[in-house]
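Each chain carries a letter (A, B, C, D, E and F) given by its place in the written order, and its residues are counted from 1.
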Amino acid sequence: MRILVVNPNTTASMTATIAESASRAAHSSTEIIPVTSAMGPVSIEGYYDEAFAVPGLLAEIAKGEKAGVDAAIIACFDDTGLDAARVLADIPVIGICEAALATTAFIAQRFTVVTTMERSRLPLEHLVYRYGMAGRCKVRAADIPVLSLEDPASNAGERLRAEISIALQEDRAEAIILGCAGMADLTAELRAEFGVPVVDGVAAAVKQAEALVALGLSTAKRGAYASPVSKPYSGLLEAFAPDTLRAS
Amino acid sequence: MRILVVNPNTTASMTATIAESASRAAHSSTEIIPVTSAMGPVSIEGYYDEAFAVPGLLAEIAKGEKAGVDAAIIACFDDTGLDAARVLADIPVIGICEAALATTAFIAQRFTVVTTMERSRLPLEHLVYRYGMAGRCKVRAADIPVLSLEDPASNAGERLRAEISIALQEDRAEAIILGCAGMADLTAELRAEFGVPVVDGVAAAVKQAEALVALGLSTAKRGAYASPVSKPYSGLLEAFAPDTLRAS
Amino acid sequence: MRILVVNPNTTASMTATIAESASRAAHSSTEIIPVTSAMGPVSIEGYYDEAFAVPGLLAEIAKGEKAGVDAAIIACFDDTGLDAARVLADIPVIGICEAALATTAFIAQRFTVVTTMERSRLPLEHLVYRYGMAGRCKVRAADIPVLSLEDPASNAGERLRAEISIALQEDRAEAIILGCAGMADLTAELRAEFGVPVVDGVAAAVKQAEALVALGLSTAKRGAYASPVSKPYSGLLEAFAPDTLRAS
Amino acid sequence: MRILVVNPNTTASMTATIAESASRAAHSSTEIIPVTSAMGPVSIEGYYDEAFAVPGLLAEIAKGEKAGVDAAIIACFDDTGLDAARVLADIPVIGICEAALATTAFIAQRFTVVTTMERSRLPLEHLVYRYGMAGRCKVRAADIPVLSLEDPASNAGERLRAEISIALQEDRAEAIILGCAGMADLTAELRAEFGVPVVDGVAAAVKQAEALVALGLSTAKRGAYASPVSKPYSGLLEAFAPDTLRAS
Amino acid sequence: MRILVVNPNTTASMTATIAESASRAAHSSTEIIPVTSAMGPVSIEGYYDEAFAVPGLLAEIAKGEKAGVDAAIIACFDDTGLDAARVLADIPVIGICEAALATTAFIAQRFTVVTTMERSRLPLEHLVYRYGMAGRCKVRAADIPVLSLEDPASNAGERLRAEISIALQEDRAEAIILGCAGMADLTAELRAEFGVPVVDGVAAAVKQAEALVALGLSTAKRGAYASPVSKPYSGLLEAFAPDTLRAS
Amino acid sequence: MRILVVNPNTTASMTATIAESASRAAHSSTEIIPVTSAMGPVSIEGYYDEAFAVPGLLAEIAKGEKAGVDAAIIACFDDTGLDAARVLADIPVIGICEAALATTAFIAQRFTVVTTMERSRLPLEHLVYRYGMAGRCKVRAADIPVLSLEDPASNAGERLRAEISIALQEDRAEAIILGCAGMADLTAELRAEFGVPVVDGVAAAVKQAEALVALGLSTAKRGAYASPVSKPYSGLLEAFAPDTLRAS
């Protein structure tokens, strides 16, 4: 089984963190294929960056599908472009936010996502609602830039821990979800430190992707996820017209 | 007062329909500035097209704001790229779906959106939920391609009318919302024909934009709509990095 | 265009404050016609006063409609008698609470209504729910009598400001709605002071009324808003029987 | 124990039907005191009539409380003026809609209210939501005028039965609630006919009133139900100022 | 009228407390028949104990029904086994949580349940949701073991009072519900002490049971509460097969 | 990895069907350990049977945990005793309903559960709500006894197919979930027949159990799932006291 893991921002060092977490979670018979988006923002912080991360992401998924991968993972916690990807691809596509929420729901009744910046809080709350977890999952922001997670000199880790402590006390959280792909490498130490389940979306998504492939399940192509309608695209984005992208 | 009306697909004839509806709704002292997106799909039918309509749309909004327009309208019923546009712009930005729903809510307790294709139904239902109207507004699809609305030889009008009849009978709808910018020119005749309020989102959005400008209100720049974070974008989309786009 | 603005309490000085805000918001071609209810309570503080403000309010709306106004506004933040008014009138009728919420929803994701007395908080929370904003709008009370807003010697302004500060910090509010028609004159200074959008329902309602009239839309007369059934009323309220009131 | 049962419309023959149902339900040691409102509409059909039924209703409740009754019931299925009555009175006040819903919820998981006119359906749906039953209770209208229930020559009974049949088949209803005080005398025969529990709100309210009195419970006078604020009322409604009404 | 009150734990001293509250609430013509479950846990603290309290509880209800009681009450605040009991019995069955919530909803808009242990909080929140009260009722835990309520040397009363104080201040609670059958004897003194309605579920359930019996209403035997399907049970629980239990 | 799969009814032939589906889904390195409950009902059809399936189920989970299994699956679609099992066990415990819903949510926006008997529909709807899927998942019953699935002479398959057809047409279902463990063997043929994803909860639960074990995650032991409180149980169920059961 081969699983494509797309980092939809263009920062290769973050892809490395993601790839490590994905590989650790994968079964020994699963091959993880990490890729970094070739265009767009260096990090995804809020709605604006998210919009421009989608074309590069979809290009990688189209390329991966043509190369024969069995499933694709979108490794950004706002599940960037997930709906469009499911329209495009015939293989299953998993977002790390939805995978983290679904996985945590099997082991805890109440839990909290701790993300990076305040501006990402509301979009994540919308996802939490959409995935049916609004009654049991809160979202908190540690108020740290995404790339500060890569900077050992920053106080990002400290602020993240402070927010986790608040979540455990004030939210009645029984488990913590790390709300950014770039936090994946902190999972083990935070579990040890806080003594509660700490869930990384990248690892969770790998297991969900393996599950779907093993079960022979893929996106239902009825309704909103039916394959894209053939039509011309123009200008800078001409190459992304559905037929063109899939043929390229 | 000058209001930019962006058609986020690349079909100029549809922009003409939109512009006519916008101008009819505008106060005589308001100038409507219609533009067609310079890149992307010829029509927006579902999640995939929507994703690729966003860059062209945001480019037009940035351009309009620099040229001094007072407000911007996104003239596609799935409110394409609305959140990203609100992050980008300091002027108010209005989607035609949200404008239609908010306006209709003042005159009816229950109403139905009739849109084009089945694949757009679920995304619109998500918008209806997000705008707080899930308890009183249903979504129906007439199962017609967007561009067939421009084709006098198609049976699009007939299917639209059939779906409106069903909505009035089965949904207890007291008013009808036309769920596609390309239907704007049918408003008056459908009102006459069915004897109920029929709401066109383009016209509604013009009045909401005029209202916000007159009231001196614009997007609150706290939380999810704070201005975009400065950062490099790369590849094909390099020119869309927030600072670059606004400086261009 | 002529818009009737009814103050449903009997305090003429508050009507003056309302009229000033309405006129400031109105287009230069719109005539604002302010009236004070001829019967009922001097201020509306909770469910009991609200019940007795309705007859006087409806009498003014019937009179205004007969005199040819194009729309009516109910200028009390609990949207007193709005449903009954929509049954009675053929012209559009707008409540200032619903107008404020609908308008603010175009510029902010989360916002807070600050009202006067604690006893009005729950009725406003019910309105917020009914208008579909429960997930994004909180209600707070500054614990000040309505008429203290008219008294320069009271500390009403101070308490209002204190509650706004709390809303901005604790509710993640991005904008503030003034939850009493009598606060309309404070809008500009509070905007300047807090640096966030501050919305006055009277002004918002004027723009929504102008919008509906311009769009040729009025209350759908199907279902709950169908015209009242002809029937005799007796005793003190005899003159309010639907046919009698409209004929008077 | 003495329980006041107010018919908030002015039709005495309907009060007789209500009184009979109340007496049948009451414990032998309970005295039922039926009264007909002295002013307002002859029947309550929708929002407009409801607004004008409130003053007469509240006058009767004030009079009854002064005369020493232990509890009051509002015998109209739209729970006319219930919130205002709870502000006014220190004794418990019960609406027949809320009593019917609460009682039925102990014996069925899903049930349907069958009311009279289509225009009452939406107001009842709002009550069903407010009382927390939206997920399990539907509302249907038999499309019959309220007073036709008193007319043996009308086909009201037939239409009511037809709507009950539909509710049992299409709504998965396990029990039926009669959605108008004027239907109370049909309870026994409809139970026999359809073989499911049929609940009359008047009878249910009597038992709930008896329960509250026996338990020594009455309306909590904090928040929205705190006693009305002393203030002058003017014009036709002068006598309804809280202090005046209670002193009269 | 004879009402069975089953204490589903095996602690007879708690049954005595329950019986006293039930008798105080019952009409003089009602006979209260208190029973203690013959098998299972000495107290019910969370999901595990609850599961093992059900067989003993159902055995008592079957026995009571055969002996001709008119209704049954399950006197544990998690409404242990209520659904199964309604399937089994033809007489009405009432849980004390649902009775307390329904009763309090007639006298307060917002209220708080104060229960014993933190582990019971979430199950009670699920009940509050299921009974339609999630928008107006909070749940708090005083963090006291159930049986400490019986121990005069414990500080259970003190902790309970502390939590009630917090509920009145922070939850805007207008009334308090005692969230454990073992608290029934504190009702009167807590009412006096806090000056707000304090509701005991045992007493409330007695009145609701009396109401249903007087109204001639019992569980609707359609859908989920249809009588159990005849089938063999095996092993330790053989005697609980529906036919066997009812025949025993 | 060793996964215990408990059939909580006592019908061994159904355990065989379940075991086959579980083994087919399991990774080649996973050992499936199927067990049949030693006590209780031969099939679980509604609330009553469910209550008596719990003790036998928990006994098997306790036994399995002591024998060192890594995770446990409850193979009945009403997720019998799941909360109690999570309190009892330190290993992860998965219900087949929750696993099916969570898995399907990755591949479809709208889907329908088709279960056996009408009386199971409402309990499943409650689960669907609790798992956050109420907005996108409907429940239908084919009106077939559970054990008829084992009987080749019954028309169970035919009725199941008829209900699936209705779900695809009327519910806008994009995928189907088989709402009974005994349907697991039909998955492949129904997929082929209807051309949409068909999900069997047993297989889905195996993958979710494998995922949790691989990720090193188990039930959070805070709040409602904290380990059971030590206390004596008496009578027939004495051996199920938490300490006794785990020590046995």
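Assume a contact is a pair of C-beta atoms (placed from the backbone, for glycine too) under 8 Å apart; a residue touches a chain by one contact, two chains touch by 3 or more.
Per UniProt, the chains are A, B, C, D, E, F = Hydantoin racemase.
Note that this is a predicted model, so its numbers are computed, not measured.
Copies chain B and chain F of the same sequence differ by a rotation of 120 degrees once their CA atoms are superposed, given in steps of 5. Two copies of one sequence, chain B and chain C, touch each other mainly through matching residues, since over half of the numbers at the interface are common to both. Mean C-alpha positions place chain B and chain D at a centre distance of 45 Å. Chain A and chain F, compared by their mean Cα positions, are separated by 28 Å. For this pair, chain B with chain E, the centres built from the Cα atoms lie 53 Å apart. Residue positions 109-110, 122, 135, 172, 223-225 of chain A each touch two or more of the other chains. Residues 25, 27, 92, 94, 98-99, 102-103, 105-111, 131-136, 172, 174-175, 191, 196-197, 199, 203-204, 207-208, 210-212, 214-220, 222-225 of chain E are the ones that touch chain D when the two sit in their complex. Those residues of chain B whose C-beta lies close enough to touch chain A in the complex are 10, 38-43, 45-52, 54-56, 58, 81, 83-84, 86-88, 118-123, 126, 130, 145, 223-226, 228-229, 231-238, 240-242.
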